[in-house]
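Multiple structures follow.
Presented sequentially are two complexes of subunit A, the first with subunit B as partner and the second with subunit C.
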Partner chain A sequence: MSDTQQVKMMVYAALMAALTAAGAYIAVPIGPVPIVLQNMFVLLTGLLLGSRWGLAGVGVYLLAGAFGLPVFAGGTGGIGRFFGPTGGYLLGYLPAVYMVGIVSEKTNRNAFFEVSAMIGATLLVYLIGVPWLKIAANLSWAKAMGLGMYPFLLGDAIKIAAAFAIIKAVRPVLGGLNS
Partner chain B sequence: MSQLGYRHGNTIVHRFDVRLKILYLAVFSLISVHISWIGLLVLTMVIVAAVSVVRLSIVSLFRDFRYLGVLMIFVLAARSLSIPDHAFWRIDRLVFSHSGFMDGTIYCWRLTLITLMGVVMLASTRSSEIRAGIQWMLKPVPFIPEKKVGMMMGLIVRFIPVILNQVMETGQALRARGIEGRRNPFHRMAILGPPLLRRTFLQADRLVLAMEARCYTEHRTERPLSTTRLDWIGLVGLLGLSGMLLFVA
Partner chain C sequence: MDAEPFASGRSWVHRVDARLRIIAALVYSVILAVSNEFATLMPGLIISVLLTLMARLDAIAVSKRLLTILGFIALIWVMLPLTYNGDSYIQLGPLAISAEGVGLSARISLKTMAISMSFMALIATMSTATLGHALSRLGVSQRLVILLLMTYRYLFVLENEYHRLRRAARVRGFKPGTDLHTYRTYAYLVGMLFIRAAQRAERVYQAMRCRGFKGRFFTIADFPASPNNFMFSLLMAIFAAGLILMEFNW
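Up next is the complex of A and B:
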């Protein structure tokens, strides 16, 4: 990769991280409960930037939060968030974005595999986040899943569908970023 | 978002070295887990003082961070359900305990304080200072390219308010076209996403061009970081306050 491309991808990754941070403040109402768009932007980062730069973007986003910048859901931040009940979900973003990115790269952006990767990545976030929540908040499995997974599944399904629609709309305009 | 981003000024909070501000954030973020409500009260006074010194509007802060409230409801529910004690509210088989509710309230209080500290930091520190501070802190860490990470972090700080303004503008344009009539959340997201991404990447391209035009390289003159007497007083204050808060806890 040339120096120009390196700089370009670095700026893209930083702006996707900024978009992810901004997604913590953008909410779309589903009935009475608003859902934030943060994890939709994590999935879009993987799809647009690929595994390596996607991982870099999300890694820097998490680091910004660890340094105390208000970039996590609802505008929170701080190293303490990683040790709290939601720390697992945050760390789960790293394998999630890598998974989406690598599947998108290896399958030549096949729609079926990309949607499957987004579903898998979302489940991966829960796979790390729910046990973490269970331990950190000292909950039973049923309560941990009831509080940390079930209420968000509908929102996640909508986010995956929206991410797919968005990626189809913007790829022709943005060109082959991760190709 | 009116309160997220740098606000020009020369207040005492602005004049603190960025490394000290990051240290304050990290230390308070970590010790807030261990302190009681008395400690949180002291911390609240310190942070409210910082908010007023930087001249942030409390009303606008409440408006900008309203979704933190949703997160807090979930935290309160989780704590109330998980900590066994006498019930103060029952819904079918779900029992919300009194101790859990109190514990959750403390947790949410803590979360609010950490968020406010982050906002004060953003409001009182230039993105170039944040970049330099983070680079300085990451320098001894192996396998992390501190200059790249510092640069990316500076861009994040610089662009969050810009992106949020874009979201607001796009939202207004969509409302003008009757988006409020569409309740379907999928439709709302699918319509908001493409213009937002397009504009963000357009900005990224312009930024790359500007960086190249200025011969951007990782090996460039860094912003000098220096400490003054004020920073050392601040450091002593941090250590003293942290010690006192932990002692009270």
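Up next is the complex of A and C:
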């Protein structure tokens, strides 16, 4: 990748990190649990920037939150969020964005594989987040999944559909990214 | 969003080398995070309160931040005592409250409050620009630091954009509900946010190319040695050692 392309990717990675932070503020009232859009932007980061730069974008988002910038859901921040019961979900964003990015790159942006990768990445976030919640709060598996997974699945399905629609619309405009 | 309410101040904590404060905050929070004894967590909270007092932070601003954090902790207090699988229970009317659940909730609350307050005192007392340059001097990847600084910059730009779009929707009489109109409006809002962000990224990229950006931000900030640094390091080392000793009941 040329220096010019690297600068371009750097700018977009920073903006995607900022968009992810903005997504934490946007709460859409769907069903019993309002959904926040930060994980939709995590998926979009992977689709748009690929595995390496996607990982950098999400990594810097988490780093900003760890150092206290109010970028997590509810306008919170601080390293304490990583040690709390919901810390696993935040850390799960890293493998999730990498997974979406690498699948997008290796399958030449095939729509079927990209949607499958987003579903897999969402499950990956739960795969790390739910056991973390279970251990941190000493819950049974059923309770941990009841509190930390089932109520959000509908919202996740909508976010995956929305991310797919957005990426289809945005890619032709942004052209050269992740290629 | 005021992300730096504590950055400007004249306390001695503000004058300590930013690199030392970053290292101290990380070490201190890891010690608290892995501690389990109340004998460690209680003094930990007291030390954090002392640090915020030494940093002369605005009590109202600290309280506001703590209230947001307390919102999350309140959920734990509602959930854990009722769902924790423990041995001893306290009967409160029809509810069986787990004593271990209460203990765990208290531990999580103490840890969260102590770590958050220490970060307010040690990290939030420097500007994000200083944080970036200090991280860079600590050997963190230059590229990651630049990304952090740029993200910080765009955070406010996008927040303003988001509020502008929301205001516009409100002026048009939009009230969020659980109907298709609401979802369509949110979809347009997110779409616009994304497009504006992409346009801005393109402009920033062109501007950086025009200026011959070579992957490095320069700064005139330096971190001179001072007696403050020595005092601070000594104090934090004593605090850390004390907490470790208490955790192991020595």
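The definition used in the following text is that the second predicted complex is superposed on the first by the 176 of 179 C-alpha atoms of A that agree within 3 Å, B and C clash if a C-alpha of one lies under 4 Å from a C-alpha of the other, contacts with A are read in each partner's own complex, and residues count from 1 in each chain.
Here, a contact is a pair of C-beta atoms (placed from the backbone, for glycine too) under 8 Å apart; a residue touches a chain by one contact, two chains touch by 3 or more.
For clarity, every value in this text was computed on a predicted model and none was experimentally measured.
Under the clash rule set out above, the superposition-derived model of subunit A with subunit B and subunit C contains a clash between the two partners. After overlaying the two complexes on the shared chain, residue contacts for A:159 are found with subunit B alone; subunit C is out of touch. In the overlay built on the shared chain, the residue A:36 is in contact with subunit B alone; subunit C does not reach it. In the superposed model, A:11 lies in contact with both subunit B and subunit C.
By the touch criterion defined above, A:28 lies against subunit B and subunit C together after alignment on the C-alpha atoms of chain A.
On subunit A, the patch touched by subunit B and the patch touched by subunit C overlap at residues 4, 7-8, 10-15, 17-19, 21-22, 25-26, 28-30, 37, 44, 56-57, 60-61, 63-64, 67-71, 74-76, 78-80, 83-85, 137-139, 143, 147, 162, 166, 169-170, 173-174. Only residues 3-4, 6-8, 10-15, 17-19, 21-22, 25-26, 28-31, 37, 44, 56-57, 59-61, 63-64, 67-71, 74-76, 78-80, 83-86, 136-140, 143, 147, 162, 166, 169-170, 173-174 of subunit A touch subunit C when the two sit together in their complex. Those residues of subunit B lying in contact with subunit A across their complex are 1, 4, 22, 25-26, 28-30, 32-33, 64-65, 67-72, 74-75, 77-79, 81-83, 110-111, 114-115, 117-119, 121-122, 130, 134, 137, 148-149, 151-153, 155-157, 159-160, 163-164, 167, 185-186, 188-190, 192-194, 196-198, 200-201, 203-205, 207-208, 211-212, 216.
Those residues of subunit A lying in contact with subunit B across their complex are 4, 7-8, 10-19, 21-22, 24-30, 33-37, 40, 44, 48, 56-57, 60-61, 63-64, 67-71, 73-81, 83-85, 133, 137-139, 143, 147-148, 151, 155, 158-159, 161-163, 165-166, 169-170, 173-174. Considering their complex, residues 1, 3, 25-26, 29, 33, 68-69, 71-72, 76, 79-80, 83-85, 100-101, 104, 108, 111-112, 115-116, 119-120, 123-124, 128, 131, 143-144, 146-148, 150-155, 157-159, 162, 176-178, 182-183, 186-187, 189-191, 193-195, 197-198, 200-201, 204-205, 208-209, 213-215 of subunit C touch subunit A.
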